[in-house]
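A, B, C and D are the chain letters, set down in written order, and residue numbers restart from 1 in every chain.
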Amino acid sequence: METEQAPRPAEPPGDLTTAITAPGEQLLTLLDRHLPRIRAQAAPNDRDSTFPAATFHGFARDGVLGATVPAELGGMGVSRLHDVAVALLRVAEADASTALALHAQFSRGITLTYEWLHGPPPTRKLAERLLRAMARGEAVIGGAVKDHGRETTRLRPDGSGGWLLSGRKTLVTMAPIATHFVVSAQAPAAGGTTLLYAPIVARDTPGLSIVDGWTGLGMRASGTLDVAFDDCPVPAGNLLARGSVGAHSDAALAGQAVSSVAMLGIYVGVAQAARDLAVETMARRSATPPAASRTLVAETEARLYALRATASAALVNVDELSPRHDMDPDERGRRMMTPFQCAKVMVNQLAAAVVDDCLTVVGGATYAAEHPLARLSRDVRAGRFMQPYTYADGVDYLSAQALGLERDNNYVSLRATRPVDSR
Amino acid sequence: METEQAPRPAEPPGDLTTAITAPGEQLLTLLDRHLPRIRAQAAPNDRDSTFPAATFHGFARDGVLGATVPAELGGMGVSRLHDVAVALLRVAEADASTALALHAQFSRGITLTYEWLHGPPPTRKLAERLLRAMARGEAVIGGAVKDHGRETTRLRPDGSGGWLLSGRKTLVTMAPIATHFVVSAQAPAAGGTTLLYAPIVARDTPGLSIVDGWTGLGMRASGTLDVAFDDCPVPAGNLLARGSVGAHSDAALAGQAVSSVAMLGIYVGVAQAARDLAVETMARRSATPPAASRTLVAETEARLYALRATASAALVNVDELSPRHDMDPDERGRRMMTPFQCAKVMVNQLAAAVVDDCLTVVGGATYAAEHPLARLSRDVRAGRFMQPYTYADGVDYLSAQALGLERDNNYVSLRATRPVDSR
Amino acid sequence: METEQAPRPAEPPGDLTTAITAPGEQLLTLLDRHLPRIRAQAAPNDRDSTFPAATFHGFARDGVLGATVPAELGGMGVSRLHDVAVALLRVAEADASTALALHAQFSRGITLTYEWLHGPPPTRKLAERLLRAMARGEAVIGGAVKDHGRETTRLRPDGSGGWLLSGRKTLVTMAPIATHFVVSAQAPAAGGTTLLYAPIVARDTPGLSIVDGWTGLGMRASGTLDVAFDDCPVPAGNLLARGSVGAHSDAALAGQAVSSVAMLGIYVGVAQAARDLAVETMARRSATPPAASRTLVAETEARLYALRATASAALVNVDELSPRHDMDPDERGRRMMTPFQCAKVMVNQLAAAVVDDCLTVVGGATYAAEHPLARLSRDVRAGRFMQPYTYADGVDYLSAQALGLERDNNYVSLRATRPVDSR
Amino acid sequence: METEQAPRPAEPPGDLTTAITAPGEQLLTLLDRHLPRIRAQAAPNDRDSTFPAATFHGFARDGVLGATVPAELGGMGVSRLHDVAVALLRVAEADASTALALHAQFSRGITLTYEWLHGPPPTRKLAERLLRAMARGEAVIGGAVKDHGRETTRLRPDGSGGWLLSGRKTLVTMAPIATHFVVSAQAPAAGGTTLLYAPIVARDTPGLSIVDGWTGLGMRASGTLDVAFDDCPVPAGNLLARGSVGAHSDAALAGQAVSSVAMLGIYVGVAQAARDLAVETMARRSATPPAASRTLVAETEARLYALRATASAALVNVDELSPRHDMDPDERGRRMMTPFQCAKVMVNQLAAAVVDDCLTVVGGATYAAEHPLARLSRDVRAGRFMQPYTYADGVDYLSAQALGLERDNNYVSLRATRPVDSR
């Protein structure tokens, strides 16, 4: 059959085992050198809630922190989210916390590249400067999305064309080494509307303070902290526009999907690590495996396969739609977000089920705080709390899409209009 | 980013919505014309357990029955199982029974093409003859795998170089119009071994009789019947060799995967049809959808996405390994079968869950025999009984692969060594 | 009821295996004689959608149709819903359809006894007359709750103190032999309010017609039909008052729980029958059971135990609260309904899971229309559509109770205010 | 025990909310006074893995540590496991670790009372002495069942009629304050058989050492440690006979069920505490609850109801069979163990599902180490590792019972014959 003879293109195999671009492949090779140390430090860092700063210094030195920066700006030029996710998966197999922190930097590279290519001139300049610094390992840019408690983070004009930022953000990952933060904030505008911005704030800005204290159920080495802002000055050029509250703009979903979809790889990696530990333990045992263990191992294999295929499909979809500026932007936003949310719901359920069954298969030894499966069972539960969309918001979004119900799908805008206690 | 500019190859989008080859696309176009009638007849044919013979005559006329026959032999040349599955999915959305029967013919085209290309000379000749007849719509070839009750279907030498076939097969799909049957059979050989063969027997062979009577829980219009053989003469050249009982040869898994993997598309189609009915019903209602319905609809969207991605990955995998004759044949067999079985376990669970939830969402009206969702809830349950591997065999296979346990993975061989009551 | 005064026998063992009152025990003994025939007719009646009229004539002759009629009125005096459920469970193990039809009569005995004891004088008289006829096997009283399609069943004054009933009811069980129907209907009242009534209408009333045609996905021998009313005259004394639309009265929940809670026994019986078939089949096989089958059998045992315990707890709770007229009637209504709904949600999920797993364990033979497990898999799905409360309404009710949200919990009233298409 | 003769109070309501005996009710009252402190210390003790010694000193002072000691011996005389479970449930709602440690003492009271009533004379004397000391709050008796690593704990004759005990036990709860340990040990006997014993060893016995170091995934304040024995002298009278390895005696199941079944209450308590936290949080929020939260809350209510009913049924069953010395002891053992194992499988699944869903409903705040729901999600996972029977052993046991397969159901004997690596 002739069709068989055609040279096969490098299509994604659907299982998140290999990168599909050359830069992606290079990133995997680079990361390989770091994995033994990441793996070795996973347990002590989890126990002590210690951020693996030395690992990240190594990342900076090797160019990993600029992996998603375009080659023209000195980066590695990994542009496919599929490949980013494969890289995060590999790191998460060794340590999920490290992968979660690294995701913040990778995500920033992708979104700033978008600003560099498509933003207004001042933003392009800012983006270029930051991207070049990321490529040199000098800029480490955390994301600060979620408000702490009942306080809303706000910008107010400083009277001379710039802004002052005040508020407090929680669950900011990679905070111990971040040199900058991209902060979700609101600003009042003429006519009573409230605009959404993402100011980029350098760590040494007056009024910015890192607030220690959060220790997680899991992901304890991800450097997740609070960051407080007390009238921090922000130049006008350092503001990324993010639409307005209540605009019901689905175009915003594209950036939100691009920003977060690669995280799926982390939870696939956690599930894979749990499976490998369980299977190795079982295979080492001399006894015939009991019926229940065979059943759970088979279910685990099947679920893990589905996890990989589902996450891969959602990633490839975002990669395909990402450059489609010919499309209606709202339509494009929804078509990127819907598969992502479907995959997120499934990954959160299946990955947690895989890890739980692995603990059951291995037995009581896993119930010790320092057992790797215990750590994985805590880490895997982070997935359901990752933006965009909690499980409840995901249900509202997916059912509204299916049933044709009107709602504001921009979760940043939506949160801004919700009673404070239920954000 | 330059990587974005490269012409994108026709990679499978991972959601089983479109074909990836031109012949696959042509098949979809051809089938489109038949879908309205298939859809309209689904309910009455299910009620009366009637095989849609007129539809299949239309298929014969239009070349659909030769879809998987190579173009050189007059067929449409659909060679990718991915595309076969997409075609079956479309048909199954209209009527799962029709898709199941059609699968038998498509599968035969694929496996006979393999015999035509790689078999010994007499087999190649036989295959060519049959394939050309399939392309002309004259040959319709059913598969007869499962023995009826406690009887084993056996070949014995006829004393003049040919064979005599006796036994009875059950669950033979498309039987009402089949012109030939490929029959799983055993023959004793020198040294006490038992060889496995797949004789191809024409319907008008003396001693062959179609036994009426089976009515299914679902898939009632798939023309599933028993076929009995009473010393049917089979020329030596009409026998496909299928290894020997107890050989523990994993090479056989390749053919078994190729033969059956496209059936995954059928169950995805059933789930999709259920989802569409539920969502259309809900969207038509004037009341605000209740909380439980929104949650179930969202879960359905997510599961359906995972179903499509998982089945697609398993199909692409088989397509990729199928021409890889450079590999170790045992390794190739396992690497085709393992993802298929993972996907089969998940598809059977998720598709049934989707259909069940759709009945819940729509409500009591679905509990009428003639309601399409009632039919879908019966049809979807066939998946777990499809070869190769029941759920129990799938668990044994997948856990043995993961844990490195020795077992005979060839289910035809395995069945031949099992106590009759547990096959 | 004097039977309440009798010294309490052994406490209910929580597994629905034995009756806890002497009349309950007598009913089980009586039913035992009928079980072989019920079991033998289950398959043919299911196939042909035939109501087992001969069985019910036997019930009439033996007093089974008056089982829940007080002894003073000639009945057997089974007053505990626990015991009613155990009886239905036993019958459902043999044939679920027969149990479902019988439930209608048992339920009527319980609720009419309540009217006889606590209703206004004309109602008491009516109730006494009907109960005595039930005890003699002469009255068979079906319930007609759900409106057919978009039509609301309504009463209007006939101008001379009586009423005229018009509308059409669907899913009326035991209809082929019913001598009377208790019909949910609305009537306009002064001030714009809409009152709810349950008129009792004799089958031979002018204007009443039995509409043939419904065939179910399952429960096909339960005699479930539509009943149409065309200006049927109803004397004022034949109306049971059921509150008003929109009253948000939770007192009504007590009667609704009493009416339906014993149905839980039916679905436990279906699950038990499936388990017994699967276990017997497995135990008969000579091969070692595969790992997956052992796991599924163990899960089935556990779920079945939970099913029995959960249903039993909900039944005992209704039995305990039923005579508690000292309590606030709204509080009593909720305290009867909440555990019932919890049990209903769990029974519907667990019973269906048990039956599905039993099909998997037994294998492909169960996929034949006439296989008893195929029938059970269709029958078990009826549970989620039984009143009161669909799954969606159950979720709204239970979450409103937990979270302190206001809603109309009376499903008859609620339906009356909903858009017709979503009832 | 005379307490059995007392007139039976109201039957158990099946929901584990109230005690059914007067001593059980007194225990609840007594515990009520301790609950505020237990609740307040739960978080810090979990964080620091600190055993709540002061709480247990209070228990000693108030007689709680003698709750299950017969009144004749100075105890509170709580003899029903149902009531023990209700007490543990209440404590677990405040802190699961405290409940788990307390369970060890309660269980010891129940089993030593059995030895006191039915054991051979020297055992009766020993049991009486210990029970009286428990009642005075002076004896605290931990159970040491599971061998550490690859070492088997063994007794060897000391040459003068006594024994020397060597080995190491892991997962010994309440170890920080235990005055004695009941240790599972093997001793070789004539004819090559291996006998099983449970020596009772005082903490100050020469050769006994408490080995610090275990920190759990959860249950971190339960005082769970290793205990090592290095030729500890054990007088012959301090040995409880526990059968022999490989005896396949099901009589032993009775004691094993009695010993552990009350632990079910702990996991119900954990699930209830999670539900209460989630519902309180939701009810406090001003926003309308989202669809997914209403669905999850309703499912939680239903599962919690099923949990309570199922655990209650298993407890009542053990209480009923416990005094049935008229029965065949093997039959009695199985009839106590089977419902217990069914309930254990369901409680472990449903309680974990409830807690997980509560985290989802409340949201990201629960992902902090110190959040009570994070603690509950770690604590609830202990259930599947509790003796007797892991999930795998439970599956083997339940499926063997259903299918009539022969196996050694005594898990202590079974473990002794298994390869060390798979215990």
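The definition used in the following text is that a contact is a pair of C-beta atoms (placed from the backbone, for glycine too) under 8 Å apart; a residue touches a chain by one contact, two chains touch by 3 or more.
Just so it is clear, the structure is predicted and the values come from calculations on it, not from any experiment.
Comparing C-D with the candidates A-B, A-D or B-C, the pair whose contacts agree for more than half of the residue-numbered pairs is A-B.
Ranked by distance of CA centroids from subunit B, the top chain is D. Centre-to-centre, using mean CA coordinates, subunit A is 40 Å away from subunit B.
The distance from the centre of subunit A to the centre of subunit D, with each centre set as the mean of the Cα atoms, comes to 42 Å. The centroid of the Cα atoms in subunit A and the matching centroid in subunit C are 52 Å apart. Among the residues of subunit B, those touching two or more other chains are numbered 290-295, 298, 394-396, 399. Touching subunit A in their complex are the following residues of subunit B: 1, 3-4, 8-15, 21, 23, 70, 77, 79-80, 113, 117, 279, 282-283, 289, 293-295, 297-306, 308-310, 312-314, 316-317, 320, 322-323, 338-339, 341-343, 345-346, 350, 394-399, 401-405. Against subunit D, the residues of subunit B that register as touching in their complex are 290-292, 294-295, 298. Listing the residues of subunit D that touch subunit A in their complex gives 146, 171, 214-220, 284-287, 290-293, 352, 356, 359-361, 363-364, 366-371, 374, 377-378, 381-382, 384-385, 390-396, 399, 418-419, 421-422.
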